[in-house]
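What follows is chain A paired twice: with chain B in the first complex and chain C in the second.
For the complex of A and B:
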(Lines of atoms letter the chains of each structure in order from A and count residues from 1; the text may use other names and numbers.)
(Lines give C-alpha, C1' and ligand atoms only; values in the text may rest on other atoms or scores of the structure.)
Protein backbone atom coordinates (compact mmCIF):
# COMPACT_ATOMS: atom_id res chain seq x y z
CA UNK A 1 0.00 0.00 0.00
CA UNK A 2 2.79 2.39 0.94
CA UNK A 3 4.85 1.52 -2.14
CA UNK A 4 1.74 1.78 -4.31
CA UNK A 5 1.05 5.30 -3.04
CA UNK A 6 4.69 6.26 -3.43
CA UNK A 7 4.80 5.20 -7.06
CA UNK A 8 1.34 6.39 -8.02
CA UNK A 9 1.55 9.83 -6.46
CA UNK A 10 1.14 13.06 -8.38
CA UNK A 11 0.50 12.76 -12.08
CA UNK A 12 2.14 9.37 -12.62
CA UNK A 13 -1.20 7.47 -13.02
CA UNK A 14 -2.50 10.06 -15.50
CA UNK A 15 0.68 9.95 -17.55
CA UNK A 16 0.72 6.15 -17.45
CA UNK A 17 -2.79 5.97 -18.89
CA UNK A 18 -1.93 8.60 -21.48
CA UNK A 19 1.10 6.56 -22.50
CA UNK A 20 -1.05 3.43 -22.83
CA UNK A 21 -3.47 5.42 -24.98
CA UNK A 22 -0.77 6.64 -27.37
CA UNK A 23 0.70 3.13 -27.52
CA UNK A 24 -2.68 1.61 -28.42
CA UNK A 25 -3.36 4.37 -30.93
CA UNK A 26 0.03 3.74 -32.55
CA UNK A 27 -0.89 0.07 -32.94
CA UNK A 28 -4.20 0.97 -34.59
CA UNK A 29 -2.55 3.44 -36.98
CA UNK A 30 -0.01 0.78 -37.96
CA UNK A 31 -2.91 -1.63 -38.56
CA UNK A 32 -4.59 0.98 -40.77
CA UNK A 33 -1.39 1.45 -42.79
CA UNK A 34 -1.00 -2.30 -43.27
CA UNK A 35 -4.58 -2.60 -44.53
CA UNK A 36 -4.41 0.44 -46.80
CA UNK A 37 -5.07 -1.75 -49.89
CA UNK A 38 -7.57 -4.15 -48.32
CA UNK A 39 -10.97 -3.70 -50.03
CA UNK A 40 -13.77 -2.85 -47.63
CA UNK A 41 -11.44 -2.22 -44.70
CA UNK A 42 -12.52 0.65 -42.48
CA UNK A 43 -9.71 2.48 -40.70
CA UNK A 44 -10.04 2.37 -36.92
CA UNK A 45 -8.93 5.13 -34.55
CA UNK A 46 -9.19 6.14 -30.91
CA UNK A 47 -11.06 9.28 -29.92
CA UNK A 48 -8.60 11.55 -28.17
CA UNK A 49 -11.29 14.03 -27.09
CA UNK A 50 -13.30 11.35 -25.26
CA UNK A 51 -10.18 10.02 -23.60
CA UNK A 52 -9.06 13.42 -22.28
CA UNK A 53 -12.64 14.15 -21.10
CA UNK A 54 -12.65 10.90 -19.08
CA UNK A 55 -9.22 11.71 -17.70
CA UNK A 56 -10.42 15.20 -16.75
CA UNK A 57 -13.48 13.88 -14.90
CA UNK A 58 -11.37 11.40 -12.98
CA UNK A 59 -8.74 14.03 -12.11
CA UNK A 60 -11.52 16.32 -10.81
CA UNK A 61 -12.93 13.46 -8.73
CA UNK A 62 -9.47 12.76 -7.32
CA UNK A 63 -9.13 16.32 -6.05
CA UNK A 64 -11.92 15.82 -3.49
CA UNK A 65 -11.15 12.21 -2.60
CA UNK A 66 -8.74 10.61 -0.16
CA UNK A 67 -5.23 9.93 -1.53
CA UNK A 68 -5.02 6.74 -3.56
CA UNK A 69 -8.80 6.25 -3.60
CA UNK A 70 -9.47 7.32 -7.20
CA UNK A 71 -7.72 5.18 -9.78
CA UNK A 72 -7.13 5.67 -13.49
CA UNK A 73 -6.51 2.05 -14.54
CA UNK A 74 -9.83 1.51 -16.26
CA UNK A 75 -9.67 4.57 -18.52
CA UNK A 76 -8.91 3.70 -22.11
CA UNK A 77 -9.59 4.81 -25.62
CA UNK A 78 -12.71 3.80 -27.45
CA UNK A 79 -11.96 2.37 -30.91
CA UNK A 80 -14.26 3.58 -33.65
CA UNK A 81 -14.22 3.77 -37.43
CA UNK A 82 -12.55 6.91 -38.70
CA UNK A 83 -15.01 8.67 -40.96
CA UNK A 84 -12.73 11.22 -42.58
CA UNK A 85 -11.52 11.04 -46.18
CA UNK A 86 -13.13 10.15 -49.51
CA UNK A 87 -15.02 6.87 -49.81
CA UNK A 88 -13.54 4.84 -52.68
CA UNK A 89 -15.37 2.27 -54.84
CA UNK A 90 -13.91 -0.62 -52.87
CA UNK A 91 -15.59 0.72 -49.70
CA UNK A 92 -12.40 2.18 -48.24
CA UNK A 93 -11.92 5.75 -47.09
CA UNK A 94 -8.15 5.53 -47.18
CA UNK A 95 -5.93 8.55 -46.77
CA UNK A 96 -2.25 7.84 -46.47
CA UNK A 97 -1.48 11.51 -45.77
CA UNK A 98 -3.94 11.53 -42.88
CA UNK A 99 -2.50 8.31 -41.49
CA UNK A 100 1.07 9.58 -41.68
CA UNK A 101 0.08 12.86 -40.00
CA UNK A 102 -1.73 10.98 -37.23
CA UNK A 103 1.24 8.67 -36.81
CA UNK A 104 3.73 11.56 -36.52
CA UNK A 105 1.52 13.48 -34.08
CA UNK A 106 0.94 10.40 -31.97
CA UNK A 107 4.65 9.52 -31.88
CA UNK A 108 5.53 13.06 -30.75
CA UNK A 109 2.88 12.92 -28.06
CA UNK A 110 4.10 9.51 -26.91
CA UNK A 111 7.69 10.77 -26.63
CA UNK A 112 6.53 13.80 -24.67
CA UNK A 113 4.53 11.67 -22.20
CA UNK A 114 7.50 9.33 -21.73
CA UNK A 115 9.74 12.33 -21.03
CA UNK A 116 7.28 13.79 -18.49
CA UNK A 117 6.98 10.45 -16.71
CA UNK A 118 10.75 9.96 -16.73
CA UNK A 119 11.28 13.38 -15.14
CA UNK A 120 8.71 12.68 -12.46
CA UNK A 121 10.39 9.41 -11.52
CA UNK A 122 13.87 10.95 -11.68
CA UNK A 123 12.82 13.59 -9.08
CA UNK A 124 11.56 10.78 -6.84
CA UNK A 125 14.82 8.90 -7.35
CA UNK A 126 16.87 12.00 -6.43
CA UNK A 127 14.83 12.39 -3.23
CA UNK A 128 15.44 8.74 -2.33
CA UNK A 129 19.16 8.92 -3.05
CA UNK A 130 19.43 12.19 -1.10
CA UNK A 131 22.05 13.35 -3.58
CA UNK A 132 21.93 15.31 -6.80
CA UNK A 133 22.79 12.97 -9.62
CA UNK B 1 29.72 68.39 1.20
CA UNK B 2 31.83 65.71 2.88
CA UNK B 3 30.87 64.82 6.41
CA UNK B 4 33.55 64.16 8.96
CA UNK B 5 34.13 60.68 10.31
CA UNK B 6 32.17 59.91 13.43
CA UNK B 7 34.71 58.71 16.05
CA UNK B 8 32.08 56.51 17.72
CA UNK B 9 31.01 54.86 14.44
CA UNK B 10 32.75 51.49 14.94
CA UNK B 11 32.96 51.57 18.68
CA UNK B 12 29.89 49.45 19.14
CA UNK B 13 31.03 46.87 16.62
CA UNK B 14 34.51 46.53 18.12
CA UNK B 15 33.37 45.51 21.52
CA UNK B 16 31.52 48.42 22.95
CA UNK B 17 28.19 46.63 22.82
CA UNK B 18 27.17 43.42 24.55
CA UNK B 19 28.19 40.31 22.56
CA UNK B 20 24.94 38.47 23.22
CA UNK B 21 22.67 40.85 21.37
CA UNK B 22 19.30 39.30 20.67
CA UNK B 23 17.80 39.49 17.18
CA UNK B 24 15.00 41.96 16.83
CA UNK B 25 11.49 40.66 16.30
CA UNK B 26 11.44 41.73 12.64
CA UNK B 27 14.66 39.92 11.60
CA UNK B 28 14.58 36.41 10.11
CA UNK B 29 16.96 33.70 11.17
CA UNK B 30 18.55 31.00 9.06
CA UNK B 31 15.72 28.59 9.83
CA UNK B 32 13.19 31.06 8.45
CA UNK B 33 15.23 31.56 5.28
CA UNK B 34 15.49 27.79 4.79
CA UNK B 35 11.78 27.33 5.47
CA UNK B 36 10.99 30.03 2.93
CA UNK B 37 13.09 28.29 0.29
CA UNK B 38 11.46 24.93 0.99
CA UNK B 39 8.04 26.52 0.60
CA UNK B 40 9.16 28.11 -2.65
CA UNK B 41 10.33 24.74 -4.02
CA UNK B 42 7.08 23.17 -2.89
CA UNK B 43 5.11 25.87 -4.73
CA UNK B 44 7.13 25.31 -7.91
CA UNK B 45 6.48 21.57 -7.70
CA UNK B 46 2.77 22.15 -7.22
CA UNK B 47 2.72 24.49 -10.21
CA UNK B 48 4.52 21.90 -12.36
CA UNK B 49 2.15 19.17 -11.23
CA UNK B 50 -0.87 21.34 -12.05
CA UNK B 51 0.60 22.16 -15.47
CA UNK B 52 1.09 18.47 -16.31
CA UNK B 53 -2.44 17.64 -15.14
CA UNK B 54 -3.85 20.44 -17.30
CA UNK B 55 -1.92 19.16 -20.31
CA UNK B 56 -3.05 15.57 -19.78
CA UNK B 57 -6.68 16.54 -19.32
CA UNK B 58 -6.74 18.82 -22.35
CA UNK B 59 -7.18 22.07 -20.41
CA UNK B 60 -4.04 23.49 -22.00
CA UNK B 61 -1.92 22.76 -25.06
CA UNK B 62 1.05 24.83 -23.93
CA UNK B 63 3.69 22.09 -24.05
CA UNK B 64 6.59 24.55 -23.78
CA UNK B 65 5.10 26.09 -20.65
CA UNK B 66 4.64 22.68 -19.04
CA UNK B 67 8.20 21.61 -19.84
CA UNK B 68 9.57 24.91 -18.49
CA UNK B 69 7.56 24.56 -15.28
CA UNK B 70 8.85 20.99 -14.82
CA UNK B 71 12.44 22.03 -15.45
CA UNK B 72 12.16 24.94 -13.00
CA UNK B 73 10.77 22.72 -10.25
CA UNK B 74 13.44 20.09 -10.95
CA UNK B 75 16.29 22.61 -10.72
CA UNK B 76 14.82 24.13 -7.54
CA UNK B 77 14.45 20.71 -5.93
CA UNK B 78 17.99 19.69 -6.88
CA UNK B 79 19.33 22.97 -5.48
CA UNK B 80 17.56 22.27 -2.22
CA UNK B 81 19.01 18.75 -2.17
CA UNK B 82 22.50 20.16 -2.78
CA UNK B 83 22.06 22.63 0.10
CA UNK B 84 20.88 19.81 2.33
CA UNK B 85 23.90 17.69 1.37
CA UNK B 86 26.27 20.57 2.16
CA UNK B 87 24.59 21.15 5.52
CA UNK B 88 24.89 17.48 6.40
CA UNK B 89 28.57 17.50 5.39
CA UNK B 90 29.15 20.54 7.62
CA UNK B 91 27.32 18.83 10.48
CA UNK B 92 29.45 15.70 10.07
CA UNK B 93 32.59 17.81 10.05
CA UNK B 94 31.60 19.58 13.29
CA UNK B 95 30.63 16.23 14.83
CA UNK B 96 34.12 14.84 14.16
CA UNK B 97 35.98 17.74 15.73
CA UNK B 98 37.92 16.44 18.74
CA UNK B 99 37.28 18.23 22.00
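For the complex of A and C:
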Protein backbone atom coordinates (compact mmCIF):
# COMPACT_ATOMS: atom_id res chain seq x y z
CA UNK A 1 0.00 0.00 0.00
CA UNK A 2 2.81 2.35 0.95
CA UNK A 3 4.76 1.55 -2.21
CA UNK A 4 1.61 1.89 -4.33
CA UNK A 5 0.96 5.37 -2.88
CA UNK A 6 4.59 6.32 -3.26
CA UNK A 7 4.63 5.39 -6.93
CA UNK A 8 1.15 6.63 -7.85
CA UNK A 9 1.22 10.04 -6.16
CA UNK A 10 3.76 11.92 -8.26
CA UNK A 11 4.03 12.32 -12.00
CA UNK A 12 4.80 8.62 -12.56
CA UNK A 13 1.26 7.51 -13.55
CA UNK A 14 0.94 10.42 -15.99
CA UNK A 15 4.33 9.69 -17.49
CA UNK A 16 3.51 5.99 -17.72
CA UNK A 17 0.35 6.74 -19.71
CA UNK A 18 2.27 9.16 -21.87
CA UNK A 19 4.87 6.50 -22.59
CA UNK A 20 2.12 4.06 -23.59
CA UNK A 21 0.67 6.76 -25.83
CA UNK A 22 3.99 7.46 -27.61
CA UNK A 23 4.57 3.71 -28.12
CA UNK A 24 1.11 3.22 -29.60
CA UNK A 25 1.50 6.30 -31.78
CA UNK A 26 4.89 5.06 -32.99
CA UNK A 27 3.22 1.78 -33.98
CA UNK A 28 0.60 3.65 -36.04
CA UNK A 29 3.19 5.93 -37.67
CA UNK A 30 5.19 2.79 -38.56
CA UNK A 31 2.07 1.32 -40.16
CA UNK A 32 1.68 4.52 -42.21
CA UNK A 33 5.35 4.51 -43.28
CA UNK A 34 5.34 0.89 -44.48
CA UNK A 35 2.11 1.49 -46.40
CA UNK A 36 3.36 4.69 -48.06
CA UNK A 37 2.98 3.07 -51.53
CA UNK A 38 -0.11 0.96 -50.89
CA UNK A 39 -2.98 2.08 -53.13
CA UNK A 40 -6.10 3.10 -51.22
CA UNK A 41 -4.41 3.02 -47.81
CA UNK A 42 -5.61 5.73 -45.42
CA UNK A 43 -3.05 6.79 -42.76
CA UNK A 44 -4.15 6.47 -39.14
CA UNK A 45 -2.91 8.51 -36.20
CA UNK A 46 -3.62 9.34 -32.57
CA UNK A 47 -4.67 12.84 -31.58
CA UNK A 48 -2.01 14.16 -29.23
CA UNK A 49 -4.07 17.26 -28.35
CA UNK A 50 -7.05 15.20 -27.17
CA UNK A 51 -4.80 12.90 -25.17
CA UNK A 52 -2.98 15.71 -23.35
CA UNK A 53 -6.33 17.43 -22.63
CA UNK A 54 -7.65 14.20 -21.05
CA UNK A 55 -4.46 13.83 -19.05
CA UNK A 56 -4.68 17.44 -17.85
CA UNK A 57 -8.32 17.03 -16.80
CA UNK A 58 -7.50 13.88 -14.87
CA UNK A 59 -4.52 15.57 -13.17
CA UNK A 60 -6.80 18.46 -12.14
CA UNK A 61 -9.35 15.97 -10.78
CA UNK A 62 -6.65 14.23 -8.79
CA UNK A 63 -5.58 17.49 -7.19
CA UNK A 64 -9.00 17.87 -5.58
CA UNK A 65 -9.60 14.18 -4.75
CA UNK A 66 -8.45 11.93 -1.93
CA UNK A 67 -5.10 10.17 -2.49
CA UNK A 68 -5.36 7.09 -4.71
CA UNK A 69 -8.95 7.82 -5.83
CA UNK A 70 -8.19 9.11 -9.32
CA UNK A 71 -6.53 6.60 -11.69
CA UNK A 72 -4.94 7.19 -15.09
CA UNK A 73 -5.05 3.63 -16.46
CA UNK A 74 -8.04 4.12 -18.74
CA UNK A 75 -6.70 7.15 -20.61
CA UNK A 76 -5.61 6.39 -24.13
CA UNK A 77 -5.64 7.79 -27.62
CA UNK A 78 -8.26 7.05 -30.23
CA UNK A 79 -6.95 6.03 -33.67
CA UNK A 80 -8.49 7.96 -36.53
CA UNK A 81 -7.67 8.72 -40.15
CA UNK A 82 -5.11 11.49 -40.43
CA UNK A 83 -6.40 14.23 -42.68
CA UNK A 84 -3.14 15.74 -43.92
CA UNK A 85 -1.72 15.48 -47.43
CA UNK A 86 -3.33 15.65 -50.85
CA UNK A 87 -5.31 12.86 -52.38
CA UNK A 88 -3.35 10.96 -55.03
CA UNK A 89 -4.84 9.09 -58.00
CA UNK A 90 -4.37 5.79 -56.17
CA UNK A 91 -6.65 6.98 -53.33
CA UNK A 92 -3.77 7.72 -50.94
CA UNK A 93 -3.22 10.95 -49.03
CA UNK A 94 0.42 10.20 -48.28
CA UNK A 95 2.86 12.79 -47.00
CA UNK A 96 6.33 11.47 -46.31
CA UNK A 97 7.48 14.80 -44.82
CA UNK A 98 4.60 14.86 -42.35
CA UNK A 99 5.21 11.22 -41.40
CA UNK A 100 8.91 11.77 -40.79
CA UNK A 101 8.18 14.89 -38.72
CA UNK A 102 5.56 13.08 -36.65
CA UNK A 103 7.92 10.15 -36.16
CA UNK A 104 10.79 12.39 -34.99
CA UNK A 105 8.54 14.44 -32.69
CA UNK A 106 7.00 11.32 -31.18
CA UNK A 107 10.41 9.66 -30.62
CA UNK A 108 11.73 12.82 -28.91
CA UNK A 109 8.65 12.97 -26.73
CA UNK A 110 9.09 9.29 -25.83
CA UNK A 111 12.73 9.84 -24.87
CA UNK A 112 11.84 12.86 -22.80
CA UNK A 113 9.11 10.96 -20.95
CA UNK A 114 11.46 8.00 -20.31
CA UNK A 115 14.14 10.34 -19.00
CA UNK A 116 11.68 12.09 -16.65
CA UNK A 117 10.41 8.73 -15.41
CA UNK A 118 13.97 7.49 -14.91
CA UNK A 119 14.89 10.57 -12.87
CA UNK A 120 11.76 10.18 -10.79
CA UNK A 121 12.65 6.55 -10.06
CA UNK A 122 16.24 7.41 -9.20
CA UNK A 123 15.17 10.17 -6.79
CA UNK A 124 12.76 7.67 -5.22
CA UNK A 125 15.61 5.20 -4.93
CA UNK A 126 17.83 7.87 -3.36
CA UNK A 127 15.09 8.67 -0.84
CA UNK A 128 14.69 5.00 0.03
CA UNK A 129 18.43 4.53 0.44
CA UNK A 130 18.65 7.82 2.33
CA UNK A 131 21.70 8.88 0.39
CA UNK A 132 22.32 10.61 -2.93
CA UNK A 133 24.10 8.30 -5.39
CA UNK B 1 7.51 -2.48 -29.97
CA UNK B 2 9.13 -5.58 -31.47
CA UNK B 3 6.32 -5.93 -33.98
CA UNK B 4 7.25 -2.51 -35.40
CA UNK B 5 10.57 -4.02 -36.47
CA UNK B 6 8.71 -6.85 -38.25
CA UNK B 7 6.50 -4.22 -39.85
CA UNK B 8 9.59 -2.33 -41.06
CA UNK B 9 11.06 -5.56 -42.45
CA UNK B 10 7.86 -6.20 -44.41
CA UNK B 11 8.14 -2.68 -45.85
CA UNK B 12 11.78 -3.23 -46.84
CA UNK B 13 10.93 -6.50 -48.57
CA UNK B 14 7.98 -4.99 -50.45
CA UNK B 15 9.95 -1.93 -51.63
CA UNK B 16 12.90 -4.12 -52.69
CA UNK B 17 10.57 -6.31 -54.78
CA UNK B 18 9.09 -3.15 -56.30
CA UNK B 19 12.59 -1.94 -57.19
CA UNK B 20 13.39 -5.36 -58.73
CA UNK B 21 10.34 -5.07 -60.98
CA UNK B 22 11.28 -1.50 -61.98
CA UNK B 23 14.84 -2.67 -62.77
CA UNK B 24 13.39 -5.42 -64.95
CA UNK B 25 11.31 -2.83 -66.85
CA UNK B 26 14.32 -0.56 -67.41
CA UNK B 27 16.50 -3.46 -68.58
CA UNK B 28 13.85 -4.59 -71.06
CA UNK B 29 12.91 -1.12 -72.33
CA UNK B 30 14.00 -2.08 -75.87
CA UNK B 31 13.33 -5.82 -75.84
CA UNK B 32 11.30 -6.79 -78.89
CA UNK B 33 11.48 -10.59 -78.55
CA UNK B 34 10.40 -13.07 -75.88
CA UNK B 35 12.75 -15.58 -74.22
CA UNK B 36 11.93 -18.25 -76.85
CA UNK B 37 12.89 -15.90 -79.71
CA UNK B 38 9.38 -15.03 -80.91
CA UNK B 39 8.69 -11.45 -82.00
CA UNK B 40 6.78 -10.31 -78.94
CA UNK B 41 7.76 -7.04 -77.23
CA UNK B 42 8.30 -7.01 -73.48
CA UNK B 43 5.24 -5.87 -71.55
CA UNK B 44 5.82 -3.49 -68.65
CA UNK B 45 5.22 -4.98 -65.19
CA UNK B 46 4.28 -3.39 -61.93
CA UNK B 47 4.12 -4.64 -58.37
CA UNK B 48 0.90 -3.93 -56.49
CA UNK B 49 1.40 -3.46 -52.75
CA UNK B 50 -1.26 -4.69 -50.34
CA UNK B 51 -1.66 -3.76 -46.68
CA UNK B 52 -0.98 -6.64 -44.22
CA UNK B 53 2.23 -8.44 -43.16
CA UNK B 54 1.85 -11.16 -45.82
CA UNK B 55 -0.85 -12.88 -47.88
CA UNK B 56 -1.32 -15.39 -45.05
CA UNK B 57 -1.37 -12.72 -42.32
CA UNK B 58 -3.67 -9.94 -43.64
CA UNK B 59 -4.61 -8.75 -40.15
CA UNK B 60 -1.05 -8.16 -38.98
CA UNK B 61 0.04 -4.58 -39.75
CA UNK B 62 2.60 -4.31 -42.49
CA UNK B 63 2.76 -4.46 -46.27
CA UNK B 64 3.44 -7.07 -48.93
CA UNK B 65 3.49 -7.42 -52.69
CA UNK B 66 0.06 -8.72 -53.69
CA UNK B 67 0.67 -9.28 -57.39
CA UNK B 68 3.14 -8.50 -60.13
CA UNK B 69 0.90 -7.58 -63.05
CA UNK B 70 1.48 -6.65 -66.68
CA UNK B 71 0.62 -3.19 -67.94
CA UNK B 72 -2.10 -3.46 -70.60
CA UNK B 73 -1.13 -0.17 -72.27
CA UNK B 74 -0.42 -0.53 -76.03
CA UNK B 75 3.09 -1.09 -77.39
CA UNK B 76 5.00 1.83 -78.88
CA UNK B 77 5.27 1.62 -82.69
CA UNK B 78 8.38 2.99 -84.41
CA UNK B 79 9.14 3.23 -88.12
CA UNK B 80 12.32 1.22 -88.65
CA UNK B 81 12.06 -0.61 -91.99
CA UNK B 82 15.55 -2.15 -91.70
CA UNK B 83 14.86 -3.76 -88.32
CA UNK B 84 14.63 -7.59 -88.42
CA UNK B 85 11.44 -7.44 -86.31
CA UNK B 86 9.70 -4.86 -88.53
CA UNK B 87 6.28 -5.80 -90.01
CA UNK B 88 5.41 -5.42 -93.70
CA UNK B 89 4.81 -1.68 -93.19
CA UNK B 90 8.27 -1.23 -91.63
CA UNK B 91 6.87 -0.71 -88.12
CA UNK B 92 8.58 -2.21 -85.08
CA UNK B 93 6.58 -2.63 -81.86
CA UNK B 94 8.58 -1.56 -78.80
CA UNK B 95 7.74 -2.30 -75.14
CA UNK B 96 5.23 -0.05 -73.36
CA UNK B 97 7.98 1.08 -70.98
CA UNK B 98 8.43 4.81 -70.37
CA UNK B 99 11.90 5.31 -68.88
CA UNK B 100 10.98 8.63 -67.23
CA UNK B 101 8.09 6.96 -65.40
CA UNK B 102 10.33 4.07 -64.33
CA UNK B 103 13.04 6.40 -63.00
CA UNK B 104 10.49 8.42 -61.01
CA UNK B 105 9.05 5.19 -59.60
CA UNK B 106 12.58 3.96 -58.77
CA UNK B 107 13.31 7.15 -56.81
CA UNK B 108 9.98 6.83 -54.99
CA UNK B 109 10.65 3.18 -54.11
CA UNK B 110 14.19 3.88 -52.89
CA UNK B 111 12.99 6.81 -50.76
CA UNK B 112 10.28 4.56 -49.26
CA UNK B 113 12.97 1.94 -48.58
CA UNK B 114 15.08 4.57 -46.79
CA UNK B 115 12.03 5.66 -44.78
CA UNK B 116 11.61 2.06 -43.60
CA UNK B 117 15.28 1.85 -42.59
CA UNK B 118 14.88 5.13 -40.69
CA UNK B 119 11.75 3.80 -39.02
CA UNK B 120 13.63 0.73 -37.79
CA UNK B 121 16.48 2.91 -36.50
CA UNK B 122 14.08 5.14 -34.55
CA UNK B 123 12.30 2.04 -33.16
CA UNK B 124 15.61 0.56 -31.96
CA UNK B 125 16.59 3.85 -30.38
CA UNK B 126 13.21 4.18 -28.61
CA UNK B 127 13.50 0.62 -27.33
CA UNK B 128 16.98 1.17 -25.95
CA UNK B 129 15.80 4.41 -24.33
CA UNK B 130 12.96 2.47 -22.63
CA UNK B 131 15.43 -0.18 -21.47
CA UNK B 132 17.39 2.54 -19.66
CA UNK B 133 14.54 2.65 -17.16
CA UNK B 134 15.66 -0.65 -15.68
CA UNK B 135 19.38 -0.18 -16.23
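Rule of thumb we're sticking to: the second predicted complex is superposed on the first by the 133 of 133 C-alpha atoms of A that agree within 3 Å, B and C clash if a C-alpha of one lies under 4 Å from a C-alpha of the other, contacts with A are read in each partner's own complex, and residues count from 1 in each chain.
One rule holds for everything that comes next: a contact is a pair of C-beta atoms (placed from the backbone, for glycine too) under 8 Å apart; a residue touches a chain by one contact, two chains touch by 3 or more.
No experiment lies behind these values; they were computed from the predicted model shown.
Per the definitions stated earlier, placing chain B and chain C onto a shared chain A by superposition produces no clash, and the two fit side by side.
Touch counts on chain A: comparing chain C and chain B, the chain ahead is C.
Of the two partner chains placed by superposition, only chain B is touched by A:10; chain C is not.
Contacts of A:116 after superposition: chain B is touched, whereas chain C is not reached. Applying the stated contact rule after C-alpha superposition, one finds that A:130 touches chain B and leaves chain C untouched.
Of the two partner chains placed by the overlay, only chain B lies in contact with A:56; chain C stays clear of it. Geometry note, superposition on chain A: angle between chain B and chain C about the Cα centre of chain A is 140 degrees, to the nearest 10. Of the two partner chains, chain B is the only one that A:18 touches; chain C does not reach it. Of the two partner chains placed around the shared chain by superposition, neither chain B nor chain C is touched by A:65. Residue contacts after overlaying the shared chain place A:99 against chain C, while chain B stays out of touching range.
When the shared chain is aligned, chain C comes close enough to touch A:34, but chain B does not. Least inter-chain distance for chain B and chain C in the combined superposition, rounded to the nearest angstrom, is 17, based on C-alpha atoms.
Taken together, the chain C residues at the contact with chain A in this complex read 1, 3-4, 7-8, 10-11, 14-15, 18, 48-51, 61-63, 108-109, 111-112, 115-116, 118-119, 122-123, 125-126, 129-130, 132-133. Those residues of chain A that touch chain C in the complex are listed here as 19, 22-23, 26-27, 29-31, 33-39, 41, 96, 99-100, 103-104, 107, 110-111, 114-115, 117-118, 121.
Chain A meets chain B in the complex at residues 10-11, 14-15, 18, 49, 52-53, 55-56, 59, 112, 116, 119-120, 122-123, 126-127, 130-132.
Of all residues in chain B, only 49, 52-53, 56-59, 63, 66, 70, 73-74, 77-78, 81-82, 84-85 touch chain A in the complex they form.
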